[in-house]
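Have a look at these structures, which come just after this line.
Both complexes below contain subunit A, partnered by subunit B and then by subunit C.
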Partner chain A sequence: MNQAIVETRELSFGFSRKKVLDELCVSFPESEWAVIAGRNGVGKSTLLRLLAGVLFPKSGTIVRAEAARQEKIGFISDTLSLFEDWTVERAIAFHCRAFAVDRFDDRLFTRLGLGQTVRIKNLSAGERAILHLSLVLSQQPSLLLIDEVMHMLDPYIRDLFIEALIEHMAAKRATVLTVNHTFSEIEKIPERLLVMDGGRFVVDEPTEALGGLMKKVISREPLPEALPCFFKKTDGIYKEYYIYPFREELRAEHGLEFQDIALAEIVKAFIGGGYEQKRMA
Partner chain B sequence: MNLTIDAKSPLPAYQQVIQAIKLEVLSGGLCDGDLLPSIRDLAKLLKLNPNTVAKAYYALEAEGFSENRSGSGSRVRVPAGRRDALRQAMFENELKNFLEKAVSLGFSLEDIQQFIERIKNEPSHR
Partner chain C sequence: MNRKEWREVGKQFLYFILLIVGIALLIGVIDLIQGRSFESEKFIIMLGLWMLTASMFLGLSPFAMDSKQKGMEYLLTLPLSRRRLLFVKLLPRLAAFVFFYCLFLLLYQIQGQEVFGNLYIFFQLAYFALFFISFSLASSDENFIVQFFSAAMAFLGYWVLSFFTLASGFAWRNHLSLAVVWRFDAFDDLFHEPRGMAVTIAVFSILLVPFVASYFLAFKKFDLKPVRSFNRLQLLFFLPLLLLALMIALTVSVLMQKTFMLN
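For the complex of A and B:
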């Protein structure tokens, strides 16, 4: 296992009385692409903000490797907020000062044919995202934290965005942590999937193993209690039951048809509203 | 080169990369001594994690399919004789899968032979 670039120890966080993270312990090694999924408002963005150092833990600690000191953490929030009246040029100068960047990497920005005299408020969502990505990549980050921004990008810019991440990861062995709703395009990229619920990770598996660990059963009848049903969708005539952790012996024991599920479907199921989550003990 | 990855396939991406490169060698698209694309370039081309491509390359090297001398990149190491043996093994494997499927559908070997005869005699196959 590679050395951890960042890890949390019993990290807790909340807004007023609402607990968002509950003694969360997780570790991310060097050169890993991990995806965090989960319902809206479950705390994914909060975790990214804590890891980025924009928020501070209520209790517990975040341990960062020397390689992941503040100016080597690239963070893209889902709001893509910059001062609206500034020109691109001014935003770049500001970011470079704040993160001790020598040279702004303008390759992506130039590929879009954008100049630096444009005001931020006149950029499209895609152009903003590319500007943000260019800013954080200029930091030569060892840790990239990217909240869900891909869904607002058109296919061309999304490709550009993803290619730039792959390129950076190959060049710098960077760790990439993304929060994703739209997932199908990058389905084969991440090596680890984490699903958040109740302030913790309820799934944390290598994506390669996940196909064997999570199966779907479609049935009109309720399933035997003994099956490890992780969650179910029961709004139609045919109910969908997601089995996790799945073992091959279950096929013989229950004589049910356990279907394979694509990673994108797993992620979508965890996000969508139409399921009843069965809380793990 | 014509390498593609099927995102819907349950086969792990690194195994798909291994298969795609082997197929490319067997079909003559890549020859003995040819340089494989760099890990970075192939990762970008296929929209894959660089670690996935690296894993496939290590596996190909471990199998003796390619080698990375002096770290200047991976080169195909499949002499013509070995390529033909591999091609035959791959075809036999495909044929075996096909036959198993046919038998599970209730066809006998005689049925299959008859099918082949019939297809052979169709005008388009003459």
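For the complex of A and C:
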């Protein structure tokens, strides 16, 4: 089993009286790509910021391995924060000095045909995301934290982005944590899915296993109460029921057609279930 | 990071110098038009006022540009401890602050030795206090104008407290009530003789410590939570430190002041 690169122990955090993370305990090993999903405002970005050292916990601890010391953490926030009046050249020079980077790899950046004299504020979101990725990869990070940027990217840049991440993971055994809302391009890539709700992870499963743990049933009639229905969409004539956790015995017990579903739909069901529980609470 | 800060302060420094030159030119031109020789006293007074403003501006500026350029989050991901970050911010500003002070001293000696008269020591104390108080409030709000007013109010409070401490010591030593202290020339003269000046400087300096110390202590936990959260933390450090500083300053004021034969 790989050593944990970063671990949280009863991590709690909140803004004013609003509790965002509630005694969260989670561990991320080396060389793993984990995706964190959840409904809006549930604390995904907050968790990444805590891991990156941008925020301090209210209580609990974050334990980082030596390999994940500050200069080896690459953080790309959803705000793509950089000094906007700077040119790309100045940003690169500053970043390399700050993180003691010997050589800046501009392959990714030059593939977009961008010059280094352009100001950060004049870059598009996708171009800024690629610049950020180039900057953090130049640090040779052991831990990459990427917050909701992929949806900003056009399909070509998104591919470049993902390829660069995979290449880096393979070369450096880096751990990648991404917060995502879209999964179509990375369906088969992440090894682990975590869904956050109520300040904790309600789902923490290998993505390969999730396909076997959640199935969908489409039916005009309500399902038996005995079925563990996590989330349902009951608008329309044909209703969709998401069964979690699924067991093979349920096929024989109920004689229903349990359909396999893709990762994107699994995540949607978990998030939808979270909204339903919030409404009912 | 150092280079970035020195560069930023260097730019501000150039603007300040240009402003000084501009003030001098303006006064020179006005005097020329009115057929007078260059009035250095006027220049020194204007320079003094400008220095106080610059002191405040330098103190408030550490994170102003970073905030404006939306780089705060990036700044906090750099491999620097919070304390080191604060020192990196402070050092070039302190250097500029000291440089302007030396420049002013030089110009004052050359041009207008008696311009400020009895207020000279207070001008210097105000210059130092404004910088450090403003620096201690550099993270108090995201809006520079609000920071400016907060620093001005804090400075006024500090000024009143310092005078109160001096007056209390004087009153105690001379068996007077606080209300009547101000009537005595001896209290006024306090600030013009060496021992009195020493007490004044000591009291004003001691009461400045809580501002700076509370900021350094609280900054260890500075992050991107709403500023009121940081302000609350800073206040938690500030209030007991202020109480302690007040007690020490009062003690110094009582022990060090001369006893006068008062009519």
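Simple rule for what comes next: the second predicted complex is superposed on the first by the 268 of 281 C-alpha atoms of A that agree within 3 Å, B and C clash if a C-alpha of one lies under 4 Å from a C-alpha of the other, contacts with A are read in each partner's own complex, and residues count from 1 in each chain.
Here, a contact is a pair of C-beta atoms (placed from the backbone, for glycine too) under 8 Å apart; a residue touches a chain by one contact, two chains touch by 3 or more.
None of these values were measured; they are calculated from a predicted model.
Of the two partner chains, neither subunit B nor subunit C is touched by A:Leu144. Looking at the shared chain after the overlay, A:Leu177 reaches neither subunit B nor subunit C.
When the two structures are aligned on the shared chain, A:Glu208 is found in touch with subunit B, with no touch to subunit C.
Look at A:Ala98: by the touch rule set out above, it reaches subunit C but stays clear of subunit B. In the superposed model, A:Val20 lies in contact with neither subunit B nor subunit C. In the superposed model, A:Ala67 lies in contact with neither subunit B nor subunit C.
In the superposition on chain A, no subunit A position is in contact with subunit B in one complex as well as with subunit C in the other. The residues of subunit C lying in touch with subunit A in their complex are 1, 3-4, 66, 69-74, 76-80, 221, 223-226, 229. Remark: subunit A residues 31-33, 159, 162-163, 166-167, 169-171, 184-191, 208, 211, 260, 262 touch subunit B in the complex.
On the subunit B side of its complex with subunit A, the touching residues are 5, 7-8, 10, 12-13, 39-40, 43-44, 47-52. Subunit A meets subunit C in the complex at residues 15-16, 49, 52-56, 69-71, 73, 75, 77, 79, 81-86, 94, 97-99.
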